[in-house]
Each structure stands twice: as structure tokens, then as C-alpha cells.
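After this come two complexes, each holding subunit A, first together with subunit B and then together with subunit C.
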Partner chain A sequence: MMIQIENLYRTFHHGGNEVPVLKDINLNIKKGECVVLTGVSGSGKTTLLSLIAGLDKPSSGKVLIEGEPISKLPDLFASELRAKKIGMIFQHFNLFEHLTVNENVTVPLIPSGLKMKEIQTKVDAALNLANIRHKKETQAGRLSGGEKQRTAIARALVADPNIILCDEPTANLDRDNSLLFIEIVKELHSLGKTIVIATHDPLFDNLDFNSTIIPMLDGKIVEEFNDE
Partner chain B sequence: MNSNAFWHFLTLQLIKERSKHLSVIFISMMILFLLSSVLFISSSIRFSLEETLKVQPDFVVSRIQGGTAVPTPVKWSDELLDIYGVSQVTPRVYGRYFFEPKRKSFLLVGVDFMEEQSHQKLQTLIDKTDIKAFFEGKQMLVGQGVKDYLETHFYKDAYNFLTPEGKFEKVTIFNTLPSQTNLISNEMIVLPIDLARKILGYTEDEVSDIIFNVPNTDEWDMMTDKLSALHYDIHVVNKKEVEKSYANLYNYKGGVFLILFLILLFTFALILYQRYSMVYSTERRHIGLLRALGWSINAVLRFKFTETIVVVSVSYILGVLFAYLYVFVLGAPLLSQIFLGGDNLTNDVHFVPVLDFSVLSSIFLIYALPFIASVLIPVWKVSVTDPKEAML
Partner chain C sequence: MMNEVFLSNQVIVFLLSESTLFSLLFIAFVVSFKILLKWDFESFTPYQFTLERQAYLVSTIIYFVFIMKFILIVYFIFTIDVLSLLVPGAMCAAGVITANDYGSYLLILKLTILFFLTLWFYVHYYDMRTKNHLWFKQKSLLFSSIFLMILLELILDFSYFSHIDTQIPVNCCSTLFGQLEGANPLPFGLSINMLLILFYLLYALMILTIKSSQTLLYIIANILFVYIAYYAVVYFFGTYVYQLPTHKCPFCMMQAEYFYIGYVLWGSLFLATYMGISNALTTLLMGKNHTRSQINVAYLLSLFVLLCTAYVAVYYIKNGVLL
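After this line comes the complex of A and B, so read on.
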């Protein structure tokens, strides 16, 4: 299994009250699978994605990435796991606005110990894959929404991770760019990447490639539907 | 992580966020400049005074009657010479001469050509001057401040001193004392002892004070007692007391500046805290993002630490370098007046370059540690929180 989630709970504490956001999530995602987590805002899909990425810690239960419990690893190992195996695409792109496209894509590889020449080769490959190489010297702050998204995709791909996590990837895109994003996801899927997308965009309801839609409601998986 | 990619990214961040860094560098540099300037000046003055003290006599005796300094009888010299352990007894004639129109004063110092010790001291003060020629007529050697002042009042070659009897005594300017000695010689006029007596109103049997040395320092306290028993109106000052008064003067001024610096450093720390303490959500978001992209806490801290060290080092080097140029090349305009006072003659002081590395390293630590802490503590606090929370 690429991703295993066992008895996962996440509760937030707010003003003395406990607010359960995820309740008893159990999920297995195979290598090369594309999973779409759907549901209304507040259903817990983004929190689940954060827990898979190790950006947040569960209240109980565990998340295993290729058998390694990311949430229980010391920071150094969890960060390394994240850097090597997980590529993350955020709703608001989360780019360094003062850096160029090329520089933004470079960032995840800086702590890797690779030489700049080797990094640049990987960056160029990622820029090609995300179809944004022509903008490599443009400052991120000057890009359109679609271009920002493609830069974020390139950055997520630069370390050649097995898992791509996308949090509301089309929320800030127009329809054309959203369709373009889906095409890129399709290509990544064909390359054997494991993809998890958290979205409420109906465009993901009928993807023309193998995918699993998992609806969520009130912090629980409602049902499991595989369109195979 | 210390690969060339790390340094490449560090350089990139420093250049791209230069406006943020430059403002901090500028503020830090100004504080370091001020701090270093004052320390350079005080080190230099202290060094010059210590050097001056080295050639000062061990003891100075003078006469005080009714609480007022009066001329000292020259015959006391013979009595002093009779005391075992006393050497190099020299009577001195000196005093303040007031230039009435502008209420300024000069320090007149009489030198006895027949007395070898003062002759030699004078020679070391003005190496290239023909001393014999100087003593041949009514001539004087003047400090740079005196020369400039007299020139502005149209006394280019000579000056008419007014004696206590109301007669004029015309004395020509023989030469100028070297500007390197301005700290002590700026207001000074050196002239033959008889001429000084005439101008200051001393008779042949009177002097201002008498100096002498006692090579055995263990005897100094005893010597003070012996001298006090010699005459009821004798006033004795030894070199240690002079050293103490100098130290008190500069410790006092140093204390005032220390308080100023503490206020400055406190303000500086507040500015830094405001600047870097994640009040800026973008900074916080950037750290969260780096963590989300796979940077470990260590990697983030190492990066921020190196970035801060660069900013600290640049500010420090620039601040100290500018202070060095300001003090030792330009003569520290404005600040030198605070230290030396500017109420009498304008003093064009040349500070002797003195670099005290313990002081320089102390400045670095006083400045660098709060700076680095004010950056790294908030960075660490953000780094250890969940990246998701930091990115909000």
C-alpha cells in the first residue's frame, strides 16, 4: 500500500470545546491510484490531506506512507519523507511571490544536498512536465492563476515524488485552466504517481481515467465509490 | 545542506529581500558606528593620556595659602633635593593667560634652558626645532589652536602680552607645536622661563610649582607624609592621584555613554523584534511553506541563522569601518567636542589610532547575540508548529 490510514481522529480545541474534524477514518490507497476526496466545506477533506502530508498531527490513529508512520517520525525523518515522497499542491498555490518560477521550483531541493547543476536539470524537467518552462524567469507575483498553478505543480513534481496531494487545486482557476489541470493530473496518473485530490469541484466527478471518488461528510467517509 | 545550492539560495534570498535587509543593516550600522566611534575616541584619548602620564613627574608640589594657590618659593627645590630618594627636581613656571577681548585663555609654560630635564622634554616635543635659536630671543612655541586663534585676530608673527605691571611684552612666534600633540598642546604656549615669569607676574624667587621623581614607588606614601611635615602650606600631588582624576573623568563620560547605549540597544532590540518576530504574516507563511516543502526544522534554522550572520557581519564591518574612518581620518567632528570640550580654543585633535580587539569583540557580542536571538527564537517558534498552522 502506498498510503494506509488507520482509525484516524483529529479533534481541534476551540474556546474550551472539543471540535471533532475527522472521526475514525480508515483508508488504503494503492500505488498509482488516483483518489478524489469530495465533500462540502468543513467535511474534513483538507484536514485529511494535511495529515497524509504530515503537515498536521492526528489526535489518534496513524498514517503510514509506504509503511512508515509519518505522523510519528521525528521531524528530520518526517521532513525527509515529505521532501522525497510527497509533492503538495495548495489551493492558494503558496508560491514565494518575490522569486521567479525557476527559483520557486528549486526550493524543495535546496536541503537535498544536490549540486546546483543537478537541481537545475530536475527543475527543467519539472517545468517541462507542468508546461511552464517558457515563464521560468518570470516573478511568481506576476503570473496568472493558471500559470501559478502550473508552477505549483512543477514544484510538487521536482523531487519526483510517488505521491501527489492536491488541496482544492481548481478553486482559484477558471474552467479552461481547471480542465488543463485535469489533463496534467491524467498525465501524472499515467506516469504511475499516486494522486490524492481534495475538491468540491464537480469537474472531478467524471474523470476520463481510473479514479476513486470518496465522498466525505462531517469528518467521515460516507461511502466508497470506484468508477472502475 | 551546506552545498552550493544552499549558498546560491541564501544569496538569492538576500538579494531578493534586500529592502528588508538593507533597512536592518542601516539601523544596525548606525548604532555600531556610534558605539564604535565613542569607544575608538575613548580608547585613543586614554592611550594618549597614559602616554602623557608616563612622562609626567612622580610628584608635584606647590604652595597653598588661605585655600588659594600662591607662587611657590624656588628655594623649596633645595629642600627637596636634600630628601633621600628624590631625583630630578625641577621648578616650573606656568599659568593661564587670558586673551580678554574674547574671554579665551592660553596655557603659558616657561622652560628653563639651563635645566636639562625640561630641555630634553621640549626637544622630544619638537624634534626638528633648533632649541638654541629659540632661547636666543623673546620667542615662543605655540600650539595649533593658539596659532589659529592668533591668526584670526591678526597676530600672525607675534603677540603683545600684557604684563601685570600694565606693560606690553612683544613675543614673536618661533614655531608651532606638532599637531599630533594637540590633545595636550592645543592651548599651549612654550616660552623661556624668564619671559614666562615676566608675563605671569612671578619674581625670580618664585615658581608655579616644583616637580620631582621618586623612583621607588613604595616610598610614595611616606614621601607625601614627609613633604606635608616640611611646610604647613605645601600642597602635594602624586602621579597616582592624577591617574585617578583622569580615570574618574573618563569613567564618568563612559558611564553617560553606557546609559545611552543601553537605551539604544534596547530600542534596537525592539526594532529587531518588530522586524523579525513574525509580526509579518508573510515571514511566518514562508517558514510554514518551507516546512511543507520538506525542509526540516534544522534546515530552516540553519538557513535563517546563516542569513542573520551575513546581515550581522555586514552591519558590523561597515559600522566599525566607518567609525574608524570618522575618528582616525576625519578627527571625529562633533563627537570629539563632547569628549574634549569646546569652550575655549578650537582643537583640531588627531586621535592616535588604537584598536582594542577585546573592545571590538565585545561590541560584536553585545550587538550580535541579541540580534541573532531576536531572529532565531521567533523562527524556531514558527518552525516547530505544524506547517499547516504556520501557513494560515
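After this line comes the complex of A and C, so read on.
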């Protein structure tokens, strides 16, 4: 199993009140599976992604990545695991606007200790896969929304992670770019990547490849069904 | 009765800083005690996750306070040096530190605490590099011991500064540091020449054993070196800093007229000793060894020895004679 989630709870404390955001989440995601978490704003999708990525710690419960409890790992190890196994794509792209596309995609490999030549080979491969190589010398701040998203995809792929987590990836894209994004997801899926997408975009409701849609409401998984 | 020393600006700033840091440590101590009792890293319960969050916060507080303690020792020396203007007979911090019975104990305690802080940094470093916080309990116990020492230090801080009498003259420098007629102030009845030979031999021994498996030998050499180095600086190298054969003081060299070189000399010596022994102890007790730290220790020791030697060499080149 690539991702295992057991009895996961996450509660935030706000103004002296307890706000439960995730309640008893249990989920198993197999290697190469594509899972789409759907639900309205506030249903807990992004919090769940953060916990899978080890960016946040749960209030209780387990998150295991290939058997490794990322929810218990100290920051140093969680960062290491994230750098090797997880690529993230965000709603607002989170690019360095003053850096070029090439530089943005290079950033995750800087701590790897690889030689610049090796890094550039990997960066070029990721740029090709995300179909943005033709813009590699352009500053990120000068790109369109779709191009920024493709740069973010290249950055997520450059370390060749097994897991890709996408948080509302099409929220800032028009329909054409959203469809283009889905095509890239399809390609990643065919490469055997495990993909988890948190979205409320209806375009993901009828993907033309094998995927599992998991609706969420008020911090709980409502039901689970496969579109096949 | 409050005296003018106790109410001087530097002393107020120093005591206020020490008290603030102690308050932070007190909170950390109470929380860490609770964590220590209930800690079970294998558990996935809400309570354990809460403890882990608190442990992270406590470690951050302790880390911050301990870094500040290193800065505060420098400010402590600076403060008592400034106070020498108020205490009759004192020419530098040396006179002020002996103005009452608390001073010497306080200084020794401060230096001891700094050693244990360095050791805590090493244990913390290794603990943060294990997936299951393997050294968490040892680290917490070490912190508890340090906390008690810091509590004693705070009491001594207040006792010391509130008992400096500005009406009673103190002894300073040459009178204090073994210049009594006929007495040999050097350890083991050594002559200056033998002291210097031992100084350089111990330095060589430490550099040679720093990366060897002779950990115990390295620790002994380290302790011996800091002891011998103290006397070598005060009774030989220091006289070249002051360019006066009768001026034998460990504190005056920390004044502006000597370009604060004392801070660099003593700082490099003590930091190298603390780091060297801490690294060796973690090697012995935890089976861990930090190569980069060993290299830094070698650099610090070499800086100390080079600086000491340079003062003598420069004086000789300038004047053609030794003191």
C-alpha cells in the first residue's frame, strides 16, 4: 500500500473552541492509483493533503507512506521523505516569481548533492513532461496561469517522486488549461505515479482513466466509489 | 540594603535578562517534566501528539535560552569590568569578582553550566536525528540538571551583586594572582619553561588524538590543557599582551585598550574545550561522533595557540628580547 490512513483526526483550536476538521478518516491508496478528493470548501480536503505530505501533524491517528509513519517523523525526516517521495502542486502555484522556469524547477534538487549537469538533465526531463521546456528561460512572473501551473508540475516531478499531491490544481485555470492539466495527470497516471487530487472542479468527476472519487463533507469521507 | 552597584544600569540589564531567561526555562522545565512522565513515542493517541507538539516548543525555548546564556556570560564579564570603576582598589573584573565570597563560585558555576549547555546541544542534535527521538529522556534529564544549576546561578547572581560593598577596597590583579613574594603560583610546582613545554605538548597531543579512538585520553588531555593554558596565559602570554612582565591578570585583556583580545582568547579556549569534551562524551556514551565538530575544535584550539604565540613572536620581532 502506498498511502495508509488510519483513524485520522485533526482538530484546530480557535478562540478557545475546538474545531474538528478531520474526523476518523480511514483510507488506503494503492501504488499507481489516482484518487480525487472532492467536496465543498471547508470539507477537510486540503488538511488531509497536508497530513499526507507531513506538512502538519494529526491530533491522533496514523498516516503511513510506504509503511513509514510520516505523522510521527521529526521535521528533518519528514522533509527528507517529502523530498524523495512526494511532489506537490498548489492552487496558487507557489513559484518564485523572480526566478526563471528552469531555476524554479531546479530548486528542489539543490539539497540533493547532485552535480549541476545531472540536475539539468533531470530538470529538462521534467520540463519536457510538463510541456513547458520552450519557456525555460522566462521569468515565472511573466507566465500565464496555465504556464505557471505546468512549471509547478515540472517542479513537482523533477525529483521523480512516487506520489503527486495536487491541491485545487485547476482553481486558477481556464477550461482549456484545466483540460490540459488533466491530460498531464493522465500521463503521470500511465507512468505509475500515485496521484491524490483535492478539488471541487466538476471536470474531475468524469475522468477518462481509472480513478477513485472520494467525496468529503464536514471532515468525513461520505462514501467511496470507483468510476468504473 | 540596596547598594549603588546593584542599581547600576549594566547590573539591572544583566539581572533582568537572567531573570527573563529563567522564567522561560521554568515554563520549559514544568512542561518537560510533565512530558517526561507521560512520553510514549510509539503511541498515536491525541495526548501523545499533544506532548510531541509541546516537546517541540520546549526544545525551541531551551535552544533559544541556551544560546542567550553564551551571550550573557560575555555581558557578565563586561558588566563586572565596568563595575571596577565603582569598587575601590579594583582595576578590572578581577578585583570585582573577589569583592565578596559569592563571585568566584558564581564564575565557576557559570563556566560549568556552559559546559553542560554544550553537552545538551550535542545530545539534542543527535536526538533530532533519530526517527523515534531515541535520546529524548536523556536530553530531558540533562536539561533538568541544568535547570537546577541555573536556579542556583540566579540565586548567586542576586547574592553576588547585592553584596558588593563600594566602601571596602578590594585586592586586584598582581596581588591576587600569585605575585606574593617567594610563592610559586604555577601548578605542580612547574617552572615557566616547563609550563610552556607542557602547553605545546598537550596541544599537539589533542590535535593528534582528536580523530583517534583514544577518546578517554583525549578527554584527559583536554581537561589538563585548559588548566595549563589558564596559567600559561595569565603568567606568560598575558604579560606579552600587556607588554609588562608584572601584569598578570586574566581579565584586563578583555578591556578596550587591549582590543578585547581576552574575549577571543578565552572564548576560543573554553569553546574548544566544551565542544571537544562534549563530542568525546557523546562518542563514549552514545556511540556518536561528529567529524565536523572535531575539525572546528581543532580550528579553535589552533586559533588560541596561534594567538598566544603571535603575541610573544611580535614582541620579540619588535624589541629583539623577551620579557
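Points to keep in mind about this one:
Assume the second predicted complex is superposed on the first by the 228 of 228 C-alpha atoms of A that agree within 3 Å, B and C clash if a C-alpha of one lies under 4 Å from a C-alpha of the other, contacts with A are read in each partner's own complex, and residues count from 1 in each chain.
Convention: a residue touches a chain if its C-beta (ideal position, glycine included) is under 8 Å from a C-beta of that chain, and two chains touch if they have at least 3 such contacts.
Predicted model, so just to flag it, every value in this text is computed and none were measured.
On the superposed subunit A, the two partners subunit B and subunit C both fit, without a clash. Across the overlaid pair of complexes, the angle with its corner at the CA centre of subunit A and arms to subunit B and subunit C is 30°, in steps of 10. Of the two partner chains, both subunit B and subunit C are touched by A:76.
Judged by the touch definition given at the top, the superposed model places A:116 against subunit B, while subunit C stays out of reach.
Once the two structures are overlaid, the count of subunit A residues touched is higher for B than for its counterpart among subunit B and subunit C.
When both complexes are overlaid on chain A, the residue A:164 reaches neither subunit B nor subunit C. In the superposition on chain A, A:9 makes contact with subunit C only, while subunit B stays out of contact range.
Once the two complexes are overlaid on the shared chain, A:61 sits against subunit C while remaining clear of subunit B. Superposing the two structures on chain A brings subunit B to within 5 Å of subunit C, judged by their nearest Cα atoms. On subunit A, the surface patch touched by subunit B in one complex and by subunit C in the other comprises residues 57, 76.
Within the complex formed with subunit A, the residues of subunit B that make contact are 1, 3-6, 8-9, 12, 16-17, 285-286, 289-299, 386-389, 391. On subunit C, the positions that touch subunit A within their shared complex are 41, 44-46, 49, 52-53, 128-133.
Interface residues of subunit A facing subunit B in the complex, by the touch rule stated above, are 50, 53, 55-57, 75-76, 79-80, 82-84, 86, 88, 90, 94, 96, 98-99, 103, 106-116, 119, 155, 159.
The residues of subunit A lying in touch with subunit C in their complex are 7, 9, 57-62, 71-74, 76-77.
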